[in-house]
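You will see two complexes here that share chain A, one where it goes with chain B and one where it goes with chain C.
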Partner chain A sequence: MTRFAIEARGLSKQYRGVRALDGLDLDVPTGAVCGFLGPNGAGKTTTMKIIMGLVRPTAGHVFVLGHEVQRAGPSARARIGYLPQDPVFPAHHTIRGLVSYSARFYPGCPRGRALRRRVDGLIERVGLDDKARRHVAALSGGERQRLGVAQALIADPDLVILDEPSAGLDPAGRRAMLELIASLSGDTTVFYSTHILDDVERVSDSVVMINRGAVVAQGPLTSILEATGQDYVVGLRGANDGLRATIEAQPWVETVTVRARGALEEWRIRVSDRSAADRQLVSMLTENGRHAIAEYHLADRRLEDAYLDLVGSGNDG
Partner chain B sequence: MTADTHPARVALAGTRGAWRGEVGRWLGWRGLIHLALWLAVIGWILSVTVTTKHMPFGGLGFESLMNMLAVFPPLAGIVLTAAAVCGGYHDGTTAWVLSKPVPRPGYLLSVVSGIWLGLSVTAIVVPAAVAYVWLPRVEPYRFVTPEAPPLGRFVLALAILSMVLLFFVSLTAFLSVVIRRRSVAALLAALALLMLRVPVAYPGWYDALPARLIRTDLEPGEWSVLTAFIHGDSFDALTAVWGALGLIAVFALFTSWVFRRLEL
Partner chain C sequence: MELRVWFPWRVALLVLAGLGIFALVYVPWRLSGVNQLGPLVLGSMSLWLIVVLLATVSLSEGTVLGDIERGTASWLVAMPIGRPAVITAKFAASSAGVATAVFATGAALYPVLRSASKTGVTQFRVDELIEVTASPIGKWGVFISLPDAWTFTAMLSAIALCATFLVALMILFGTAARSRTIVFGLGLVSFGILVAGWFAAGETLVASPVGLVGAVSEGIQDREVSIGAPAVATVLMSVALVATASWRFQRRDLA
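Then we have the complex of A and B:
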């Protein structure tokens, strides 16, 4: 088994003067549930289409489960399940018919009764069992999304690639989708794109962030959160002449923001080195006895904070 | 699942899956509708041609049949192929199929062969079989003998018409993959059909095209190549058959080459 289910090196894609991908390097660990984040137009769907062989890169290589996509052709997709963005399926099939039909493309997929059992199991798993005979053309967007997941899983793939799987789902559907993704963890590598950061925090163990066609951060979720800085929240009483400048001058301090909160001043100190901050910050704050610390704690670092730091706010690719 | 990833077996399974999907459609409502449609259309036109006493060419049963089978199935094939290839490209269903382990040439082959086989059965073989039984009983055709033509020659003529259908389906597939606009591709293919039916000039090189098999610019009293053949004449359009087969191969190669590079 390869260490990484997906490896991309120097991936670039140009569309008539528009650089959709710009030297993207990507590593998705085998067995991980990896969230793929980025603003609109960052290159997420383009990356996924290149991985699936639907689009050819202008430069670079991508390996999926040990196969180089450009060379291996259909073999590279034999162990992959894929849900495209805004999925469209042949309209003449029923839900059950489409999932069964999807199985026929894969060698080694069960046939006959075993296939029927698997199809029924998947349809039930995605919550469409009461609509199994409905035609695809009559499905809502959310139902098509769920059908898309079912057809992606029919061949029991080693890698599942989902492009915006929660799009169009109501809250209950979204929760069910997240549970499904979480249930795949371990046996199957899941690589999915989303705009919903809460979802990534809930089910992902690794994250890739992309902006303007290049990866800006990737790795285990905890590492991403730590690497992008920690915020100490301090409530101070007393004059702070020069204290702010002293703290800002420290090499392990990134930013200091101060706002009034009643009788206190609330300081939010972003640090890049937590151990240095733990050793020095309190003593600096209370030096000379001019200040009293009414509050001192480490702020919960959210993925949203890290995302905005790395990608920027309103910074559409 | 430990999937079989041997390249040849993967490609074969994917192509087979795509092919079964495309051909399978003709075993359902689509096939029934086409069967009913072509039986009705061809049957109605034949009955008008053969039974109307005021028609100047009344009794041209098998000639009418060959003429219709040279036009209607290719036209239908053009429309269906343009819709399948261009429509699938634009609405995303082609991309969905090709996200499976299906080789691109295999997918195209399944689409083209599905339409070709489906129309060959519903628009050529079945209506022709009905006419073969019915025409000699209605009115003797005005040719050598008032008998049904030899079955072997009749079947061979149908095979040639099916090949003509394949010619236009593969031409349309090529145009559709290159142009990717349904109406334009269909229009150009239909124009080719028209030009081959009514060649303005008739230089020698036209003998190498299917024109020789489907042309309508006949002299009075002259039968088409296929009608003459089924009634006992020798078949003198072999060059046209080889030429058509060669062009089908050329279209297939070019279409496959372009389709491999298409971004979805």
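Then we have the complex of A and C:
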């Protein structure tokens, strides 16, 4: 088994003068549930389509489960399940018919009664068991999304690639989708894109952030959160500008923002080195007893904070 | 899945169109009382050939691009299926559909033509002869007798092969063009070249799909139908077109 289920090096894609991907390097560890984040137009869908061999890169290479995508034949996709954004299926199939039909193309899929059991199990797992005989043309967007997940899992894949799996789902559907993704953890590598950061924090153990066609951060979720700085929230009485300048001058301090909160001043101090902060910050703030600290705690670092720091706010790719 | 696109509705549509074309010619022919088979055979078969080829162009224009635009091409190719296999399956299904329609229509028409031929040549009158020979069609078809079953089958084979060649062309156009209108336009041009090619340079192009149009024309005029060379050439050209389409499709982004 390879260490990384997906490895991309120098991936670039140009569409008629528009640079969708710009030297993207990507590693998705085997067995991880990896959230793929980025603003609209950052290149997430393009990356996934290149991984699936639907689009040819202008430059670079991508390896999936040890096979180079551009050189490997169709059999390389036998261990991959894929859900595209806004999935489309041949309209004349029923839900059960489509999932069964898809199984034909995967050599490892069971046949006969075993296949029927697997199909029924998957349809139930995605919450479509009461609509199994309904034609695909009659499905809503959310139902097609769920059908797409069932079809992506029909061959019990080693890697599942999901492009915005929660899009179009109601809250109950979204929760069911997250539970499904979480249930795949360990046996299957899951690589999924989303705009919902809460979902990534809930089920992912690694994250890749992309902006303007390049990766801006990737790695374990905890590392991403720590690497982008920690905020100390301090409530002070009687502090002055001189103190602020002293704090800001420290090499391990990134930013200091101050706002009034009643009788206190709330200081939000972003640090890059937590151990240095733990050793020095309190004594600096109190200036050896000159100021009183009414409040002092480490703010919960949310993925949203890290995302906005790395990608920016409202910056489309 | 590809067969389902053609069977049963498109095949039924083609058969109905063929029978409708025949009825359009047969009814006036019966009502006119002209007891010459020539106008019937010439008129119906000529029109039917044109309708089959045009219908093939029309029904095939979305074979590749339609799937790409809808997104079903991406769905298919994301599974462990080679892109050449997708193109080959489309060609095979479309060809099977057109061929089935041609032979089914022919099987329905031939007994009617046989019945019509029994009241044909033996009952002509001089005034009818003058009337018929004065007309453009009559000059060609006055003494036509019904082709025998083998000749008729050869004519049907020529029509089916010609349509299959057009299917291969349309699939290639679909892998290269970005617009279905362009694909359809190129198909119409190809149809025009096929038909006009026989009149313009039929002798030169006999070992080609143009020769198949010529084979049908010869059969209509109660002459010997020579299908061997054009059939082999058409099959080889169709295979080359499908191979080129597969190569082109392999390189196409399914965005």
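Please note the rule applied: the second predicted complex is superposed on the first by the 314 of 317 C-alpha atoms of A that agree within 3 Å, B and C clash if a C-alpha of one lies under 4 Å from a C-alpha of the other, contacts with A are read in each partner's own complex, and residues count from 1 in each chain.
Here is the rule we use: a contact is a pair of C-beta atoms (placed from the backbone, for glycine too) under 8 Å apart; a residue touches a chain by one contact, two chains touch by 3 or more.
This structure is a prediction, so every number in the text was calculated from the model and none was measured.
Model built by superposing both complexes on chain A: chain B and chain C clash.
Shared-chain residue A:Trp267: touches no atom of chain B or chain C.
Contacts of A:Asp156 after superposition: chain B is touched, whereas chain C is not reached. Look at A:Ala72: by the touch rule set out above, it reaches chain B but stays clear of chain C. Counting contacts as defined above, chain A residues 49, 52-56, 73-75, 77-78, 82, 84, 86-90, 92, 101-102, 105-107 meet chain B in one complex and chain C in the other.
Partner chain A is touched in their complex by these residues of chain C: 1, 4, 70-72, 74-75, 77-83, 85, 251, 253-255.
Those residues of chain B lying in contact with chain A across their complex are 1-7, 9-14, 16-18, 20-21, 25, 28, 30, 91-93, 95-103, 261, 263-264. Contact residues of chain A toward chain B in the complex are 49, 52-56, 67, 72-75, 77-79, 82, 84, 86-90, 92, 101-102, 104-109, 155-158. Within the complex formed with chain C, the residues of chain A that make contact are 15, 46, 49, 52-56, 73-78, 82, 84, 86-90, 92, 101-102, 105-107.
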